[in-house]
Amino acid sequence: MSGPIHIRSDETFTLNVGPQHPATHGVLRVKMEMDGEYIVKAETVLGYIHRMHELMGENRTYPQVLPNLSRLDYLGAMGYTHAHVLAIERAASIEVPERAEYIRVLMVELNRISSHLFWFGAFVMDLGGFTPLMYAIEDREHILDLMEAVTGSRLTYCYFRFGGLYNDVDDDFINATRAVIPRLRKSLKKYDALVTGNIIFRKRLEGIGPISAEMCRKYGATGPVARGAGLDFDVRKNEPYSVYSEFDFDIPVYHECDSLARYNVRMDEMEQSLRIIEQALDKLPEGPIMPKKKPKLIKPPKGDYYQAVETARGSFGIRIVSDGTKNAYRFKLRSPTYSNMSLFDEACEGMMIMDALAMMGSLDLVIPEIDR
Amino acid sequence: MDLTIFNAVIAVVIAIAFAAANAAYLVLAERRGAGRIQRRPGPNVNLFGLLQPPADGIKLMTKQLMIPGGADKALFMVAPVLAMAPAIMSFVTIPFSNTIVAHSMNVGVLMIFAFASFGGMAILLAGWGSRNKYGVMAAVRAVSQNISYEVPMLITVITIVMMTGTMNLHEIASLQSGGFWNWNIFPVSMSDGFMLQPLMPISFLIFFICSLAETNRAPFDLGEAESELVAGFHTEYGSMGFGLFFMGEYANIVIGASLITILFLGGWGCPFGLYPGVWWFLLKIYLLIFSFIWIRWTFPRTTIYGLLNLSWKILIPISLFNLLLTAGLLKVF
Amino acid sequence: MGAYFSEIFLGLKSLAIGLGITFKEFFKPVVTVPYPFETIKMSERYRGHIELIEDEDGKPKCVACGMCQRACPSGCISLASKSVAYEVEVKGEMKTKKKKVLTKYDLNFTTCSLCGQCVESCGFGAVTFSKEYNLASFNKEDFHFDLLKRLEERNS
Amino acid sequence: MIKDTIKQAFLDLLPDPEPIIEEPVVEAAANDTAEDGKKKKAVKKEEPPRVNGVLECDHAAHGYDIDVQLEPGELLAAVMILDKNDFFLESITGVDWIKEKQLESVYDFSRYDFDQCRVVIRTRTPRDNPNIPTISKIYPGANWHERETHDFFGIKFEGHPHLIPLLLPEDADFHPLLKDFKP
C-alpha cells in the first residue's frame, strides 16, 4: 500500500460499493469491476443483515412470529404481516369478520403510501436532491401519526391478528384519514411539479436502466419493477385476496422499461391507494373485529400453504409447511426485493456508476427484507 | 496605489479574515436556508445558531489530521492549501466599492481566472493523493468539469471585455454606475454610448450557470456527489484539511458572486443611482449567494455526461454566438 | 433545431417551477418539533415498554400465572412468585388459603420487540404499556427493568 | 385455461402411469384437510411419503394450483415446460424431511397473467448426498435462490456457476435450516 497508483488504459479496477455506502440505503455491498466510470461487471454480496427469520419462524409459535414480519421491511411492515395472517387463516381455516378485512386493507394501503413516499424521497436523494425527502417525510409523518393512533407503533406495527385485528379504529381515525387524503393529493401534485417535471431529473432517468419484461420474467421481478416493464401484474388484481376484489382501482403500467417508468408506477400507485382508502372508508362496515370462535392455540392441519400478497415492493409470499403442531415445520419468506435485486448484476453491466446507482434506487431496496 | 509589502500583507490578512468569516457564516446561512426550504429551523440553538460556526471551527481544528496509508503525503497535505490559497488571492483584486479595493489591476479578470483554474488542480491533487478510488474518480470528474465550464465562462467574459474595453474589474464596475439601466445584464447599455446587445441576459445566465459549476455547487457538485462517490475528492480528509476545502468552497462562492455582481449587476452601484457603496455590493453578492443556496436545495444532481453535454452542446455554442453578435454590434454602433 | 431550443426553454421552465415551489416553502412555518426542549404527547395506544398495574391497595394485580412469559416471542420477561398463606372469612369461619404473590417481575428491555403480546395475553389486565420513550443509556444494565420496583417507586 | 395445458404437459412428461391412478385419492385427502383439518387428523395416523406425480390443488385452500413432485432428473424438462409457457420463478426453497431422510427442494412458479396458475414443483433427494441439477441456466434468477437454498440446507445444485454462501458468511459450513442443526 505505498507508491503511486498505476492505472493502465486497458485495466479495470474493483470498486467496493458498500456495505457502508450512501447509495445502498443499508448494508448492501456491490463489488463492481470498473472501467473508469463504466461498470464492467457487478456482483452483489448480501447477508450483512441476515437474521434468519425463517428459522425463527420454525422455532416460535405462529403468534410469536408476528412481530418478526414487521422487521422484514421496516417501511411497509403492514403488508408483510398481512401475508402472514392470511397464510395462517388459509391454513387453519379461520374466518375473518368483514370489518377487520376492510380495516386491514385500509391500513395496508396507508402503509403502502407511506412506504412509497419514503422511497420517493430517498430516491430523489440518491439523485442528489435532498429537499423532496424532507417534504415526503413530512407527509409520511401524518400517515404515521394516523397509524400510531390506531396500532400504537410507528414502524413495526404488529397490528394484525389471526382472524382479525388488535385494536378497532375509531371515528377520530376515520375523520383524520379523510382529512389527510386531500392533503396527500395536493402534495403529490407538488412532487409532480418539483421533481417529475424537472429537466435534470428526467434526463437522469429517461432511457436509463432498462429492465425488459423478459428479464423480469427470468429473474422473477414483481411489483413496480415489473409494472414499469409493461407487465400488468399486481397480486391484488391477479390473485385477489382479502377484500381487494370489491374495490375499484387501476394498476398503473408503463411500457418504457426505464427508471422513469418505475418511478411513475410508484407515483401513480399512491394515487390509486388513496382511491382504495377513500372507498374503504366509505364502505367500512360495522361489526366485530375478531371472529367469535377462534382456536385458542393455532395449529394448522398438516399441509403446505402458500400465500402471496402485493406489498409496496412487489409480490411477497409466505410458504408454511405445517406438521400439525403449533410451530411451523417450514416457514419460507419469498421477499420481492430479493428477486428484484438479483437482476441488478446483469442489468447494470456497461452502465455508468451514477446511472447504475439511480437504477438501484428505482428498484426500491429495503435491505433487511432482502437478507431476511 | 502602490503595492508595497505592507499593503499586500494587510490586504491578504483582511482577505483571509473575510474569507474565513464568510465561509463560517455562509455554512450557517446555508444550513438555515436549507432548513427553511425544508420546513425545519436548521441550527437554532444559542443565539439563533450564531455560535454554531465557531463550534464547528473548534471541532475541526482540534481533530487529528489523518493521512491514509499509502497516500501521497505531500500531495495530500498540499491539496487543501491549494484549494484555499488561490481563492483568497482572488480577493485582492476585487473592488468592493469605489475605494475599497486591495489592488486594482489592469488584468484583474485574467488574474481571477488564473487563480480559479487552481481549484481544479487542488481537487485533482486531493483525489489522487488520497489513494482512494472514489477520490480518483471524483478528481477526474472535477477536472473535466472545470475545463469544460471555464470555456463558456471565459467566452462570456470576453464579450463583456469587448463591450467595456477593459480588463480592470474596477473600471468595468465604474462603467455601469448610475442606475440599473446601465448594468451589463440589460440589453441596453448606455454608459459609453448607446449599445444594444439583446443577448446579454442570456450571457448572464450562462455566466451564472458556469460559476455554479466552477464552484462545484449543486446541481453540478459531481466532485463530491455524496450518493455515488461517498464524498468524492475529500473522502479521506478530516479535521482542518476538510475545513480548508470547505472554506475554499465558500470563498469561491463569494468570488463567483462578486464576479457576477461586477460584470453584470453594476458592482457597488445602486439600481437607482443612490448612495453607491460597499453596502450595495454586499447586498448583491449575498442575494446571489442566497440564490446559489436556493438552487442547491431544489434540484437533483446532473450526471457527468449531462454536465458535459450542457457545456459543449448548449453553453459554448450560445456563448460563441453571443460573442460574434457582440463583435458585429460593436462594428455597427 | 427547433427541438434543441424548445428543450432548452422547457428545461429552464421546469427549473423555474421547481425554484418557485421551494421559494414558497421557504416562507411556510416550520413543521418540526425542537425535540429536547419540546416534546409531543404520545398517543393513547402508544406501545412503550410494559408496566405493572396496581390494584386498589397498591399491590400489583398480577397473579403470576406466567402467561405473558409464555407469550413473549423474545423471552424477555422473567417472573417469580411465592405462595403466601392468608386467612379469609368464608361462611363465618376463618379459613387459610394460599395464593401466589409476585416477588419478581423483570423485563429485559434489550431484547424486547415491543410487540405487545404480553399485554394481550394477560387475562387479568395486570400489564400495560408505559408512555415512556426517552430511553437512552450507555449502560446495558439500565434496560433490565425491575417492574415491581418501578411500581413501588410510582406509588411512594 | 393455462392450468389444463400445464397439467397435461406434466402428465405427458412424467413417464410413470402410476401417479394418475393415485391422484384422485390424494387429491381428495388434500381437499379434506383443507375443509376440516382437525377431524381428519384424528383419523389419519401416519401418512406415507408422497409418490411422484401431478396434483391439482384448490387455490383457495393452498394458494397454488398445480403441485408436481418429480425425480431430480426430470426437473429440467419440467422447468422448460414452464419457461415455454411464460412462467416466472417466484422462489426456490427447501424442506428437510428428516424422518424420511430426504431433502425436498420446492420451486414456485407463477405467471404475469390474469389466468392465475401457481405451479409448485417438488423434488426430493437423499439427505446424505443431496444433489439436484441447477435451473439457473433456464432461469438466471434461480442463481440466488439456489445459493440461498444451498446455504440453508446444503443441497448441491449441480452445474451452478457460483455456489458460494450468499446470505451466510463466506466461510459458513453449517446449514441452519436442517432439522438437526445445533447452533
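Points worth noting:
Chains: A, B, C and D, in written order; residue numbering restarts at 1 for each.
Basically, a contact is a pair of C-beta atoms (placed from the backbone, for glycine too) under 8 Å apart; a residue touches a chain by one contact, two chains touch by 3 or more.
Here the structure is a predicted model, which is why all the values come from computation and not from measurement.
Of the two chain pairs considered here, B-C and A-D, the higher C-beta contact count falls to A-D. Subunit C has its Cα centroid 52 Å from the Cα centroid of subunit B. Between subunit A and subunit D, the centres computed from C-alpha atoms are 26 Å apart.
Chain centres here are Cα averages; for subunit A and subunit C they lie 26 Å apart. Computed from the mean C-alpha positions, the centre of subunit A lies at a distance of 43 Å from the centre of subunit B.
Shared interface positions of subunit D, i.e. residues touching 2 or more other chains, are not present.
In subunit B, the residues that touch at least two other chains are 37-40, 297-299.
Shown for subunit C are the residues that touch two or more other chains, namely 15, 18, 21-22, 25, 31.
Viewed as a network of touching protein chains, the structure does not reduce to a path, ring, star or complete graph. This structure has the following touching chain pairs: A-B, A-C, A-D, B-C.
Residues 7, 10-12, 14-15, 17-18, 21-22, 25, 31, 43-47, 71-73, 113-117, 120, 129 of subunit C touch subunit A in their complex. Interface residues of subunit A, counted against subunit C in their complex, comprise 60, 63-68, 71, 131, 135, 138, 141, 145, 148-153, 156, 158, 166-167, 190, 193-195, 197-200.
Chain contact summary for the complex, subunit A toward subunit D: residues 46-47, 50, 52, 54-55, 58, 87, 90, 92-93, 213, 216-222, 226, 231-233, 237-239, 300-308, 315, 317, 319, 321, 324, 329-330, 332, 334, 338-339, 342-343, 346, 371-372. Within the complex formed with subunit B, the subunit A residues making contact are 1-5, 7, 13, 15, 21-23, 34, 36-37, 124-131, 134-135, 138, 194-195, 198, 200-201, 203-204, 352-355, 357. Those residues of subunit C lying in contact with subunit B across their complex are 8, 15, 18-19, 21-23, 25-32, 34.
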